[in-house]
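In what follows, subunit A forms one complex with subunit B and a second complex with subunit C.
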Partner chain A sequence: MEFSFLFSQFLSGLTYGMILFLVASGLSLIFGVMNILNFAHATLWLIGAYFCYSFWYLMQGYNFALWVSIPLAGFACAAVGWVTEIVLIKHIYKRELHEQLLITYALALIFADLIKIVWGPTDRLIARPPAIQKPVFIFGAPFDSYFIFVILAGFAVALGLWWFLKYTRYGHIVKAAVFSREMVGALGIPIPKIYTWVFTLGIFIAGFAGGVQAPIGSVNLGMDIAIIIQAFCVVVIGGFGSLLGTLVGAIIVGEVFSFAILYWPAGAMVLIFVITAAILIIRPWGLFGTPMRT
Partner chain B sequence: MAEHKNNILKKIWMPAALFVLALILPFIVTEFWVHVLNEILILGLFALSFNMIFGYMGQLSFGHAAYYGVGAYTTGLLMVKANWPLFVTLPISMVTAGICALILGYFCVRLRGIYFAILTMAFGQLVFYIIFQWYSFTGGDNGLQGINPPAWLFKTNPYYFFTLVVVTIGAIILWFISESPFGYTMRTIRDNTERTEFIGINVQRYMLINFVIAGMFAGLAGAIWGPFNRSVAPDLCSWQHSGGPVFMAILGGPHYFLGPMLGSVIYTLLNAFVTGYTEYWPLVSGIVIIIVVLLLPGGVLGVYKEKFGHLKSKESTTLEHGGS
Partner chain C sequence: MKSKALKIVFVFVALVFLVGLAGSGKVMSAEPYNLGVALGFTGTGTLYSKDQLEGIHVAVDEINAKGGFLGKYPIKVFQRDTQTKPDVGVREVKDLILRDKVRAVINDYSSAVAVAVKPICREYKTLHIAAISNSENITKINYSPYTFQVVPNSYMQAKAAVLAIAKMAKDKGWKEYVTLASDYEWGRSTQEEVVKELKKVAPQLKLKKEFWPRLGETQFTSFITSIMAMKPDFVYPCLASKDNVSFIEQARPYGFFEKVTFAGGMVSVTELIIEAKTVPRGLVSITRAPFFAHLDVPMMVNFVKNYRAKYKKYPSDWAVMGYDAVYSLKQGIEKAKTIDTDKVKDAMKGLTVDLTRGKLRFRPIDNQLSCSSYVGVVGDDPKYPFPILKDVIEVKGAESERPEAEIVAARKAEQK
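== the complex of A and B ==
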């Protein structure tokens, strides 16, 4: 097999990994801070994709339509996430694990049907702007030019989150809340407010990721179902609450999937679950995580 | 002695009344509702088996549909491809689902809490994708069609009574297991895993045995679903399907043996009503789930016992003070 072909396969895997990272980073952030595994995360991601489509549809005469729609989708989703947190999620922080899981699972069902009511059951397709219609050639192998944007967007979000957590005051508070929320509360920082904004930030990233996903194929119902489990896998492999872990986990899953499709297409998904299960058994807290506090 | 007798009566009147009701109902209601009743029983057994892990062992399995699916596919494949009679396939389905639960459970019982939930879910998806991708053997996403029960069970009512017998036997066996010393060991593990380990009980082995039992009865439920529905599809194993028993157990009351069955009654009836009016069943069920979880702690039976029970049941008290 040629090097150029393998390299473009590697880039496809990286693209898929970046989509997974964008979905999983919000999931991991929310779990790390508030200990809630949000089943509805991927459904909010899908809502982001539909938002992106709608914004693009309203502005489709303009060349910049898509590039504006993607961040707008993030903000629209963040608004949905903010309302959800205030109305519902707020009341389940102190509940038991199964109640939290069941509530967010119910949210996923509700959001999925709301999508069906608002946007209908037909697939939605975004026509790409001329700048990304033609493939680029890397070492002579054709490569979808939009994928380059996806990879850049993924790394940009990773860098942005890293900078936020490392260098801003709010980032420090969030990190401190992961360690000990009692201590943070005792210092006079309003924990409920922090929770609301962390949840909103997580959903913003999910909505942005949905926007990034939208032009790749068609946007359709049921996309969330496949990706939520893979996002769980990413978070488990990398370690809950670890940004670097989520990035590495996403790239592992993306690349494994991309190359397994070449050699053993039927087993690609199976392989990902096997890796996830192996990690869970050997290191339940993941490659970069720390053992969970109780 | 008399008191003892009274106790047994107290314990048995409700299941007995339910059983008699289940016997009489098909002669009163229309065929559609007999169909619904059949579904209630099968999903009820599925939820009862799930509750062995959740209510009695205190771990949340979000991949229980995998064993249900394995049972359904075993029966389906044996009946369609090998022409085996239904009665022979039932125990075989229990065994294959049990073996599947043994292999996957061996890894699952090493974990607790959220990790247990995710691993069971990942394994559930693993089974789902194997069945989904293995076209030549399972038919992939086309599923298997033409799983016809024998002629004398072909009509709705006979098959319903067949289901009733199988589910009742299954439920009685599960009840005896849950009331046996083994069942009480499970409760001990649920209430305080660490202390159970300290008194010299091999927690992992007990959990694994329980996991296998739960898997076998989920397999049995799946095995009677196939001929009832005349077909099976990979969806039976998916994580969405695993959410069903979780909700039924919590809805009915996971701390009571018959709670999940009651949950199945309410959930399935609601489903039958709602789908008659609107296609947005997930939306409605999601709202119901949220209301139940937020407002009905302990499920319908839990709330009922609290309001109308003369004595607070032994179990709910151990649960409330468990682990302290």
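== the complex of A and C ==
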């Protein structure tokens, strides 16, 4: 096989992986810090995509419309997340995981109906600015120029989160809360507020990811269900709560899928589930995670 | 005294006679023909149903301008929203029959709704015309003599696509192809049928690879790069609705459609109009009733003129088929010389009708109209503000219909 083809297939897998990372990183962060298994995460990602469409629609005609709409979608979604945390999530911190899953699944259904009421059932399409309508050629193989941005955005979010957790005071508090929320509380740090902000940050990333997704194909109902299962596979493979694990898990899923379709097209998705199941059996806390605290 | 009694009897008889006449409605006013239209005006069928309704109204206006059916039964349209849901469709159609006393129902965008409504219409002896829903099962199995279909059914469309592609393959020397089909029942069965048929009609074509994206796939990038690297002569897609849109949107920035022929996906006139700027030129697409393919038929020219005058736009496939549904009914009534439903139903069986798409016949075994499917290449035309299908290959109904023996076998199997 030609090198240019293999490289373009690798880039396709990396793009796929970065989309999954953007969805899964917020999910993993929220679970890692708050122990909340949020099934509605992907629906908030979808809301982000719809927000991006709306902002773009208001500004269409300007070349910068898309680039402004993507972060705005993140902020709008963060506001939804903030309200959701205060109204619902904070009341289910101490529930069992299966109860959280059921409650947040119900939340996903409610959000899906709200999307239908606000944006209607019709698919939404964003026209890309002229600069990213044509492919770039890498080693002679065409590659969607927007996907360069997707890959960079994925790494930027990974880097930004890593920097936040490692070098900022709030990041240290968040990390400390993962290991001993009682101790952090005893030091006078308001844990409920920390949780609210962590949840809001996680949903900001989901909304931003939705914005990144919006110009790729159409924005439509049901996209969230398609991606949430894969996002769970990513965090299971990488390890719940591990940023590095989520990044590696996403790249593994993306690349396995991308190359599997060349040799076993009908089984590409099965292979991902096989890997996920194997990880669950051999190392239930994932490649880079730590055993769950009790 | 005697003459007074006679006068009273005369006045009484006269009054009874007049009241009776008024009650019959035959002398006081012409009896209307109640026509039910139960379509998905909300839900996924909104866009196509709206277009279809407009086509129906143009036909109704034209016929009513001449006094209605048979020149004396003005058509009165009763509209209902099925929400593109079978349960709602059944409820609404039942209501149309019982409350509004409709004699015929044009229904629905969704095949699932049409299949659910069929037994209701049979039970209440009401004509049922499926104008745009095209599942073959509407007419193939669980046969109802009251149900007629004026759209090329799913088998006819798949067969038409295969025949058109086989012709293109011969003309262009195509040798290899790949399939890209959604991994669920419809995608798998359609892909299987197409591959099987292509083997028969174009044995020189080699299937290089089968790709199976999930239903609702959001990321087609790996499929796109992989297909482009394989350089097949064409891709046969079995992607529907959102998946089709997502694939096209994601493939376009790669320059995919300039390099690989994407042959067989459905792009109706609605999409050509709405997505005029973005629909990729060069797509080889199939469609059901494009007005521009039949501007040689005076009835189509007249329809386009009247439709444009009323709605200030060009008619879509769905509008054409809505219009044809009403005219099929009109010609059935004219043959029966009555609006009596049972007689009209019998008259329509095997009837040849003059429609916008030419002279077409309802096949007696299944009441399926022998209508054509149209395959062409999306391209611009200076006459229209949107792209149209060019180099159209019209695959006639007779070439694409399922053999009658297979229908008989399917019905036998159904009864077991």
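In the analysis below, the second predicted complex is superposed on the first by the 294 of 294 C-alpha atoms of A that agree within 3 Å, B and C clash if a C-alpha of one lies under 4 Å from a C-alpha of the other, contacts with A are read in each partner's own complex, and residues count from 1 in each chain.
Everything that follows uses one rule, which is that a contact is a pair of C-beta atoms (placed from the backbone, for glycine too) under 8 Å apart; a residue touches a chain by one contact, two chains touch by 3 or more.
Bear in mind that the values here come from a model prediction, so they are computed numbers and not experimental data.
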Name the contact category of A:188: first (subunit B only), second (subunit C only), both, or neither. neither
Once chain A of both complexes is superposed, is A:130 in touch with subunit B (first), subunit C (second), both, or neither? neither
Which of subunit B and subunit C A:225 touches, first, second, both or neither: both
Quick one: is A:258 in contact with subunit B, with subunit C, with both, or with neither? Answer first, second, both or neither. second
Tell me the contact category for A:37 with respect to subunit B and subunit C: first, second, both or neither. first
Touch test for A:269: subunit B only (first), subunit C only (second), both, or neither? both
Contacts for A:291 in the overlay, against subunit B (first) and subunit C (second): which applies, first, second, both or neither? neither
Let me check the overlay on chain A: which residues of subunit A are in contact with subunit B and also with subunit C? 225, 266, 269
Listed in rising order, the residues of subunit A that touch subunit B in the complex are 37, 88, 91-92, 95, 97-99, 101-103, 105-110, 112-114, 116-117, 225, 229, 232-233, 236, 266-267, 269-270, 273-274, 276-277, 280-281, 284, 292
For a test of understanding, state which residues of subunit B touch subunit A in their complex under the given definition. 54, 60, 62, 107, 110-111, 113-115, 117-119, 121-123, 125-126, 129-130, 133-134, 238-240, 243, 246-247, 250, 280, 282-283, 285-287, 289-290, 293-294
Can you name the residues of subunit A that touch subunit C in the complex? 1-2, 5, 8-9, 11-13, 15-16, 19, 121-123, 125, 127-128, 132-135, 141-147, 213, 216-218, 220, 222-223, 225-227, 257-258, 261-262, 265-266, 268-269
Complex contacts: residues of subunit C adjacent to subunit A: 42-44, 46-47, 183, 209-212, 214, 216-226, 228-229, 242, 245-247, 249-250, 252-255, 277-278
